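For reference, the structure discussed in these notes is given below.
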Amino acid sequence: MAEEMRVLLEYADKINPESADEYVKVGGYVGLEKARQMEINDLIQEVKSSGLRGRGGAGFNAGMKWSFVPKNAEIKYVVCNLDEGEPGTYKDRIICEKNAQALLEGMAICGRAIGSNQGYIYCRGEYPFTVKLLKNAIQSAKELGALGDFNIEVRMGAGAYVCGEETALIESIEGHRGEPRFKPPFPGVAGLWGVPTVVNNVETFACLPSILTKGSAWFAGIGAAKYPGTKIVTLTGDAVNTTFFEVPTDYILRDVIYKLGGGVKGGKKLKAVQVGGTSGSFIPEQNLDTQIDFDSMGAIGAALGSGAVLVLDETRDIVDIVTRISKFFEHESCGKCNPCREGTFRCREIMEKINAGKASQKDIDNLLLLTRVMQKAALCGLGQAAPFPIQSTIKHFAHEYARKIV
Amino acid sequence: MTNSINELEKDATAIFVIGTNTTDNHPVIGYKIRKNVRFNGAKLIVADPRRIELSNIADVDLRFRPGTDVALVNAMMNVIITEGLEDKDFIANRTENYEELVKVVEKYPPQLVAQICGVDAEDIRKAARIYATAERGSICYAMGLTQHSTGTDNVKTMCNLALLTGNLGKPGTGVNPLRGQNNVQGACDMGALPVVYPAYQAVTNAEVREKFEKFWGVPLSPNNGLTIPDVVDKAHHGEIKGLMVFGENPMVSDPDLHHVGEAMDNLELLIVQDIFLTETAMKAHVVFPGVTFAEKNGTFSNTERRVQRVRQAITPKGDAHQDWQILCDLSNRLGYPMNYSSPEDIFAEIRKVTPSYAGISYQRIEKTGIHWPCPNEEHPGTPVLHGEKFNRGLGLFHAIEFKEAYELPDAEYPLILSTGRSLFHYHTGTMTRRSSALNEFMPSNEVQVNPETAARLDIVDNEMVKLITRRGYIEVKTHVTEMVPDGVVFTFFHFSEAAANVLTQAKCLDPVAKIPEYKVSAARIEKI
Amino acid sequence: MANYKDIIVGCIDKKGGIIEAFHALQNEFNYIPHEALVEAARVFGVSEAQAYGVATFYSYLSVEKRGKYIIRMCESAPCHVAGADELLKALESQLGIKVGETTSDGKFTLELTECVGQCQATPVITVNSEPVFNVTTKILPQVLAAYK
Amino acid sequence: MIKLTVNGREIQVPKGTMVLDACQQAGADVPTLCYDPDLKLAGSCRMCVVEAKGRPNLMAACVSPAENGMVIETESPDVVESRKIILELLLARHKLECHTCEKDGSCKLQDYCYRYGVTDSRYAGQGAHFGMEDPNPFFKRDYDKCIICTRCVRVCDEITGAQAINVKERGHHAKIATVFDGKLDDSSCVFCGQCVMVCPVGALTSKVSAGKGKSYQTQNVLTTCTYCGTGCTFELNVKDDHVVGVTSVRESEFSPVNKGALCVKGRFGWDFIESKERLTTPLIRENGELRPASWDEALDYAANKIKAIKEKDGPDSLALFSSARATNEENYLAQKLFRAAIGTNNVDHCARL
């Protein structure tokens, strides 16, 4: 297999993403119509059976998540997470730019399933043009009456990676500092303004129209059995084709890089791949034959995450790159919990020391101890994941560290 | 207070705050009101000429002209009756004289009163509806309501409002004066008033008097005594020859200080018992050094009638004596033996003559204080008064007409001056001016002036000016702020060197309570 | 220039929308003026301290005056490996300012940013949030010259 | 009821109970820094992490509801390791001057470092140092001791309602600040010192008490405030027969009105007690001047004068201004003195003022 499989991006560049009319012409809003005619329980069951799992990183079954929302609550919200802050990731932007109406339709389907008529799209502050696009797309859908009584409001973030965490995102919509909440309560029970809220990623919502139109069995049959469907990956770094691809989830990493990505630039050898964005683990060459589905990546100690793939060639200095990454986490830690606030700062400090050739083995031991505690004790995913790049590179590229310590 | 403080935090669903800058003068009560409004959604009505802190979170903020309280609240009652929001059952079962009230408040439609008070008629209606329709409405007031020549009328009007809406006798309701001093409640309870013995038993009641004569073993005077302003006047005339001042400082706190000073100078004997050489002590013939609350045992009764312990933490300074001991020593020398072994011993006697305190003992209030009335040792105390019936049986409506303040602004004195307290000082400053941090933070007085008033007078912020009334003047720096409305100025009375009470008048007091009109004096400001 | 009060009132229908108001203010002023922050706090019913806490939490918001053009240099890993460090040095030297500073003519403010999601064309800078792709030290003078 | 096991001990707790309370019920002392029973939960300091069998990560006990069948370990190796490292992270930026710190002996950070044997931090390095200070006369803000537990922010918001402070910036650079990071005096701060009360470390301490005695050197005496009529209770801190401070008692049993909350006067306005201007001896006016006198002399002087006036002009030519600041017992005696010993009802006090 060396080809993309375009489901979400089937009509990319063939239709105007803002136009609901053009979307309808290629079969859009049929899924929503179908959802409206289904019993709520059947609708949730259909999504459950499709096996669709959240594309935001946690990989939770979407239908299952919806089923936890209390039926009797008067007000509920559908929130779309478009705060893709993982460096190297831009697939949600691409979905909006190529197929924004599918996102809106997906949100409306979710609204129908949980009994909500208000949706919010939280778009990262780095994408003001996407905000504009989405507002036009909503306007177009409204004019066509495609969304029925479902309203969608776009809110913009302002430069905070942590707001990709669903409860921090909710805090931010509420106009607060984007600090994650402790869980439970989960947003499904008490989310935005304290009421039940489903938060899903753009890509997750965008899968829904085709699941409804073509059936859950069709979707479940695509890609890896336990993580069916397609995945949009964004290839960056030292690959030849640094662009995005939509592939079935049983696609292997090596093919992403060598078949679709055209291999490593300048014919160099590959040293490492970081999958899932900056919080992902570094994967050595020997693990490239892993499928890109959630569970397979987990099995090799990595995470699919956002689906970003950063390719590093043989000349790259792993320690230098991890030092840079540690600075990212220091910058993006919200500062609420101790292990992350102080831990990300000290990680960066020690990484800089190592990178400058001034550290000893003792520093690496201290670093590993610190990352272990961050992973176990931090409040949210940011602090828990910040250790991955450090731990995985010390594991797989120990010699690179060894070279720099005194 | 008819009700207890914590009900303001939890039980009240609407709170009507009038004439109290609660967050400054009763800060902890202010926190509770604010908490109830912010976190429990209680409604808040603020009626105050000044924009106080609580105004910021109020549902209705009535910034009315000083001295027009009766008109304002009569208009609220007019709305309540017109719109049928009164509590008909409560009126029928628990009150009398309602018809008289109806007759008088008919004359106060909101459109008319809006002009008298300088507020929006719609705000009066809104306030009336919020209070009347609240499940549990509480009224809080302090000296902004009472320090008027119509102070008694003002208080009765608030009682009318509570009776009209049945907001009495349940948790979260009531008419709640927030008392300004730690034990002003207790001093009243103990009979430190000219017309009553402990527990408000009238000195003119022969039966009561007989009881006390028997208990104290001496014949007692059947005549009402004199209030402070009357004593000052009579000292002026020379009818009062000897005065003992115990823990008070009339040379800063009382109206028209020139007048007070002349009265003090006219005395044959002035005894002052205090912890510092106060402005009053400086005029004394003999001074007894007493002790602070940190050096004594005893009890205070707070504004919600809760009797709480005061405990001695250190030995008295120097040769200062326990205040109770000084009083005993003086009494013994006057030939009336007073021998007690301790404050607890005195308290045991208090319980015998004070029915409302009868059930309270030091042992019972070792940890948590008890609300009087507490008639016996089994009684848990009474946080909420008037549950079943009022002291007199039925609640009496008073038909009260609005009267203007005694001294209104005119061409010569175009401003209204109000006086009051700061968060950072207490009363005559005797203690707080000697507290290093408080005095460092706020070392001097100020007069608050609205920016528009300031512009008219060509004065700026932080400028020393002369604040003048018919009684005299003080020099004080300005604080230009929108907190006070145009035409109204406000100053604190804690500072003897720029004493607000040089400016206030002692001629026209409330006829019943003899409270001076500290909230309305005609004044003017001059540049220096 | 639009009045800050009007801008804030324009966001009032957005529940909890103080961040939206901050964006709207920055669109006009490129930062959040102090008096506007105080007003926004009042309008949205939060304390001034809270509004300030929000304004300083997000890296795209600023309560300090900034230049007409805010240049943000992405330093996340994909841009890092594409030579972001070198480009940053060039930016600093060509603008004559350090990160966080504004040119004396008030034209440019230089800031660092994390990933702006344009990793198909690294290294990336943004000018007032508009991305500029594949910026090399060579084409930098010509990129900057486009902003008058 | 929910059944769970804590450190091998089975206990039952009502539904909705947090793991922290369940642990306490089971006799396990779980350390906390950001937790405050009177404030909204933060779950941020992570000191209270415990191990729940079968869960990959540790859980913060203060924000985790107890669940049926949970098996909790409060001092497992993982838990202890995490707590030690968290303490080291805090120490890495904490100004260590315990010997001169006002909170020495009542500092939670100090207590926990002692408990877990944390002497210094392997993570000491650079870091944000915001230094001191705020030029107010009431309390010191030492940011280099702050551990960002946000109890001050929450108490200011939830109890006092002043909302004067919040966290500014984020991450390691987060700092507790007023609007525009200005002086407290320019903010909505009312200097109630509730923040000082809840601060678990030496970041916020009273300036009025500074240098006068550490908590373990003082005796505390529960009493009632001498200022307004609210009737707040608090403790006077006494050292060597001097009042050296005021601290809150937060249990409603001892502080039914205020539950530990105070105002600026109650918390910081106590040192008049120790003022050099206190009257320490009786005085008698002689030749227009007040001069020191013995008690006998002063009392005799007063008694004789009273007797003379009473004889000459009758008891109603004498009057008493009693005191709204004195105790019930004293007021009772004062009015009794004038009514019974002198024979007049000319007794009043400044209830109207």
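Quick notes on this one:
Think of it as A, B, C and D in the order they're written, each chain with its own count starting at 1.
As a working rule, contacts are C-beta pairs under 8 Å (C-beta built on N, C-alpha and C of every residue); 3 or more make two chains touch, one makes a residue touch a chain.
The model shown is predicted, which means the values in this text are computed figures rather than measured ones.
Distance from each chain's C-alpha mean to the overall C-alpha mean is smallest for D.
A straight line joining the Cα centres of chain B and chain D is 28 Å long. Separation between the centroids of chain A and chain D, computed from CA atoms only, is 47 Å. Chain centres here are Cα averages; for chain B and chain C they lie 56 Å apart. The mean-CA centres of chain A and chain B are about 64 angstrom from one another, to the nearest whole unit. Listed for chain A are residues 160, 177, 331-332, 334, each touching two or more other chains.
Residue positions 167, 169-170 of chain D are each in touch with at least two other chains. Annotation for chain C: residues touching 2 or more other chains are 50, 53, 57. Listed by chain label, the pairs that touch are A-C, A-D, B-D, C-D.
Interface residues of chain D facing chain C in the complex, by the touch rule stated above, are 157, 163-170, 177-181, 187-188.
Those residues of chain A lying in contact with chain D across their complex are 160, 177, 182, 184, 330-339, 341-346, 349, 366, 369-370, 372-373, 375-379, 384. Only residues 14-20, 22-23, 44, 46, 50, 53-54, 57-61, 75-78, 80-81, 113-122, 126, 129-130 of chain C touch chain A when the two sit together in their complex. Across the complex, chain C meets chain D through its residues 34, 37-38, 41, 47-53, 56-57, 63.
Per the touch definition, chain D reaches chain A in the complex via residues 41-47, 49, 57-58, 60, 63-65, 78, 81-82, 85-86, 89-90, 92-93, 122-123, 125-127, 147-148, 167, 169-174.
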